[in-house]
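In the two complexes below, subunit A is the common chain; its partner is subunit B in one and subunit C in the other.
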Partner chain A sequence: MSYLQLDQLTKSYAKQTILQNINLKLKQGEFLALLGPSGSGKSTILKILAGIEAPDAGEIRLAKRLLNPVAAHQREIVLLFQQPYLFPFLSVAENIGFGLKARKVAKKLIDQKVAELLDLVELSGMQQRKPQQLSGGQQQRVALARALAVQPKVLLLDEPLSSLDPEIRVSLQGVIARLHRELQMTTIIVTHDLSEALALAERTALLINGSLVADLPSIELFERPPNRAAAQFVGVGAIIAGQLQGTTFNSQLGQFNGNFAPNTVSLAIRPEHIQINNPASQPSIAAQILERRYLGERWEYRLQAAEQVITVREAGQTPREIGQTVDLHFPPQQLFALAD
Partner chain B sequence: MAKLRRWLGLAPASIIIIGLFGGSLGYGIAQSLGWLPFLGQRQLSLAAYRNVLAGEQLGSQWWQALLFSLWVSLAATLGSALICLGLLSSIAERQQQYRGLSTISNLHLAIPHSVWAMALLLVLSQSGIFARLGFALGWLDQPSDFPVLVRDRWGSGIILAYITKEVPFLLLLGLASLHQQGRDYLLVAQSLGANRWQRVRLVLWPLLAPSLIGGSLLVFSFIFGAYEVPALVGVRYPEMLATMALELFLNPDLQARAEGMAVSLLMSLIILAVIGLAWRWRRAEHQP
Partner chain C sequence: MSYRIIVWVLALILLVPIAIFLVYAFAQGWFFPALWPERWDSALFLRQLADPQLRRAFGQSLIIATGVSMLALMFGYPAARVLELQTFRGRGLIYGLFFLPTVVPSVATGIGLNIVFLRLGLAGTLLGVMLVHLIPVLPYVVLTLGSSFARYDRNYEHQAAVLGASPWFVFWRVSVPMLLPSLVVAGVLAFLISWSQYVLSLLIGGGKIITLPMLLFSAASGGNQSLIASLSLIFITPLLLLLGLVARYLGSPATGATPRP
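Let's turn to the complex of A and B:
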């Protein structure tokens, strides 16, 4: 049973299509990541949901109610922007209580709620400070508390962590994840960062050039992207083009046996699943190392095999030499078919 | 040593400012105290001030001109500020209109006050374009049936001239405040459930208040001390303080020059008092 539903949402600006027939369904309390490169239309979806922009076509329903004609301030959907936009003329407490004041909630109740929320975002004792006296991370926490204060039916997060330092970003990811666990609020986060989507959301919808190219549990999208566009975005080790004959997939890189869907025209594999110089694994294909870079826990290599460049990530401290020829092995159980 | 060097560096500008403005001010104060060497008068006294504030004829003229100046300045300033606030409220959430409004305001600012006042006179007087047009179209029996909008005893013409001239000035100040993140703050408020009126009251007004209040003080001070518009579209009675001061200063009786200077200096004191009060209010507002 879907709680929030987007049907055939379309939006254009000056003849440029931003969104094309977007369909999305969310269950109550679900956490969805809208992932995609810059300019893919992710933020536009949030603006349409929040009522700041109107779609050219399509419908939005929240708990079966059609939202299209409802004004932004009556939607009970709160959008948290990339910048905290704390009102500079208000204190932290007044900022958090803003939405409640607009709803004419009694001052005593506002004070009580503000204290609870400050505790929740770990900023107790900062009620009287002005936004200018807070760090970037603290400001974003206050903005989050301000959004939560009105207990929205849907919380929209438009890359709220992208302007923060990596350390603060990770800490705030933890805060957001904890708040979602505790409050079970239906949440959509927009991000261009795959790791952020994986860290926060149970489901990820991938948007490229205004079209939804994948909508899957986040881990599944990462490990087995369903199509070429998704595979290129999440970063696979190789996309292998070929032909399926029975259960054998014939390609330039060799023959692969598996239970592939009929009409499979390409296979893919994650870079960490490709093995280098494993004598126990046959068949293998020779490849030459073109480049390497250290990622912290693994080395990433770019290799030339046949006419294709392949990316491999391998654990280990000692790097392989550039120019070295190695044998690559693609474990059949790690190969998956792409839809195109 | 560094401090001395800094002062020496400022010396050329300071000498010009102190020499020109300080000299003029000092000469003005001296004249208001009766130091008129061209009449052989070198003794200082407060006679001109006494005459202006409590003289039989000049005293009543001063108090009437003061009240009239306060009325015109306050009405024009409040009118300009309210119209500006209304305009900014109506376009604050449509950022694409900022540029158009800014361009129109800049163009309007380029028109001198005297030219604008003359234009209003030509358009709005009882022998002006509107009156003639109304008569030609049969809406008026006589052009003189057109309502008295300029050169009237309530100062409507002066107020109208200043409102139409000062609104663009205040708009530019307000737009500068809104330009950075004004629309974003309003969107946040909207998303948090604030309706249109609450967005104006709780977000737009606090954002605009510093520039609008500061700008309004400038407008008030300017109108209170300005001469050309009241001279063009005002009447001789009641008159504004600046008109009174200049008339006294240009009086063939050179003794009146001290009183003219006294009026000018009293006007300056009133403006300084208004600014001082506003400054104290701002400081109190910013006290934690």
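Let's turn to the complex of A and C:
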């Protein structure tokens, strides 16, 4: 039973299509990452959900209720922007209590709630500070507390961590994950960072040029992207074009046997699954190393094989020489079919 | 360093007239070649203050200027907001039209509107004078507010709305505080311009509405320098008080930018 439902959402600005027939369903308490490159329309989806922008076509439903005609302030969906947007003329406590005050909650209750929330985001005792006196990470935590104060039915996070230092980003990812575990609030986070999606969300929807190209458990999207667009975004070692005859896939890089879906025209494999110079494995294909770089723990090589450039990641050893010719082996059980 | 000198020279140029008013208003028996007046006397000034005609003019000026500030903000806020935050065809033209009154002589405007205001029954009323003052006032109010809206980040309002704040709550609790400095400056400008209006008040007031500049004008043609000086002092005192009150907002940047951590 879906709690939040987006049906055929379409939006364009001045003849440029931003979103095309977006369909998404979320269960109550689910944590979804909306992943995609910048300009893919991710933030627009959140703005439409929050009621800041209207879709050209399509419906949004929350617990079966049609949200399209409902004004932003009555939707009970809170959007957290990339910037904290703390009101500079209010104290930290007044900022957190803002939504409660708008709902005419008694002052005593607001104070109590503010103290609880400050505790939750680990900023106790900062009630009287002004936003300008806080660090970027602290400001974003206050913004998070302010959003949680009104107990929204859906929490939308629009890259709230992207402007922060890496260290603070990781620690705030922890805070967000913990809050989701404790509060079980239906949450969508927009991010262009695959690792952030993997770290936070059980499910990831991949948006490219205004269309959803994948909607899968995050780990599955990473390990077995379903199509070319998804494979290119999450990064695979090679996309192998060819033809399936029976159970044999014929390609420039050789023949692969496996249980592939009928009409498969391309296979892919993750870079860490391709093996280099494994004499026990047959068949293999000769490739020349073009470039290498150290990723920490692993070396990444770019190799030329037939007419294709292939990426391989190998666990940290002494690096292989550039220009060297090696044998590549694609373990059949690691190959997966792409839909296009 | 040279800038500081310029600032001091400017300050001197601005302060000297006030000093002269003070001297003329309170000096008695100051004849050539005496370096200093014979005595100081506040009797004339106090007599002026007690004058019922002056009190009435002062009160009416105060009501008109205050009313004009309010009306100008009421009309100027939505105008500036739409002109700066929305893009539409003819935006530049409408912006230009707002400034037309600043180039048309107010005598022309006043005589032209006199007939309209007579028909509408607004001539000779406080409301009529307030409305006609809006013509020279609004361009400055729209310009002042517009420059703030140009740097205004509407996401503060969006953030408030998604937190559950109604449009009314957002206006009073977010937009107004965010724009407070420029609202204050625009309001003060409106007050100053209205306070000094002479021609339009005369033409639309039709002699029924007497404002301070009218008394000042007739005193000026009378040539009694002590009288002119004391009237001038009475004229500028509220303005100085007002400027003093809002000094901290003058020259302060418009808000809307995210404060630096």
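Going forward, the second predicted complex is superposed on the first by the 339 of 340 C-alpha atoms of A that agree within 3 Å, B and C clash if a C-alpha of one lies under 4 Å from a C-alpha of the other, contacts with A are read in each partner's own complex, and residues count from 1 in each chain.
Here, a residue touches a chain if its C-beta (ideal position, glycine included) is under 8 Å from a C-beta of that chain, and two chains touch if they have at least 3 such contacts.
As the structure is a computational prediction, the values presented were derived from the model and not from experiment.
Colleague: Quick check on the subunit A-based superposition: subunit B and subunit C, clash or fit?
Modeller: clash
Colleague: Based on the superposed arrangement, let me know which partner A:F98 touches: subunit B (first), subunit C (second), both, or neither?
Modeller: A:F98 sits against subunit B and subunit C alike.
Colleague: Could you figure out whether subunit B or subunit C reaches more residues of subunit A?
Modeller: Counting contacted residues of subunit A, the larger count belongs to C.
Colleague: For A:P131, select first, second, both or neither according to whether it touches subunit B, subunit C, the two together, or no partner.
Modeller: second
Colleague: After superposition on the shared chain, which partner residues are touched by A:Q139: those of subunit B (first), subunit C (second), both, or neither?
Modeller: Only subunit C; A:Q139 stays clear of subunit B.
Colleague: Output check: A:G210 vs subunit B and subunit C. Expected answer is one of first, second, both, neither. What do you get?
Modeller: A:G210 contacts neither subunit B nor subunit C.
Colleague: By the touch definition at the top of the document, which applies to A:Q83: first (subunit B), second (subunit C), both, or neither?
Modeller: both
Colleague: Pick one for A:A50: touches subunit B only (first), subunit C only (second), both, or neither.
Modeller: So A:A50 meets both subunit B and subunit C here.
Colleague: Overlap of the subunit B and subunit C footprints on subunit A, residue-wise?
Modeller: On subunit A, the overlap between the subunit B and subunit C contacts is residues 50-52, 72-74, 76-79, 81, 83, 85, 87, 89, 98-99, 101-103, 146-147, 150.
Colleague: Can you tell me which positions in subunit B touch subunit A when the two form their complex?
Modeller: 181, 184-185, 187-195, 198, 202-203, 206-207
Colleague: In the complex formed with subunit C, which residues of subunit A make contact?
Modeller: Touching subunit C from subunit A are residues 50-52, 71-79, 81, 83-85, 87-89, 98-99, 101-103, 131-132, 134-136, 138-139, 146-147, 150.
Colleague: Within the complex, which stretch of subunit C touches subunit A?
Modeller: Listed in rising order, the residues of subunit C that touch subunit A are 153, 155-156, 158-167, 169-170, 173-174, 177-178, 180, 255, 258-261.
Colleague: Considering the complex alone, what residue numbers of subunit A touch subunit B?
Modeller: 50-52, 72-74, 76-79, 81, 83, 85, 87, 89-90, 98-99, 101-103, 146-147, 150
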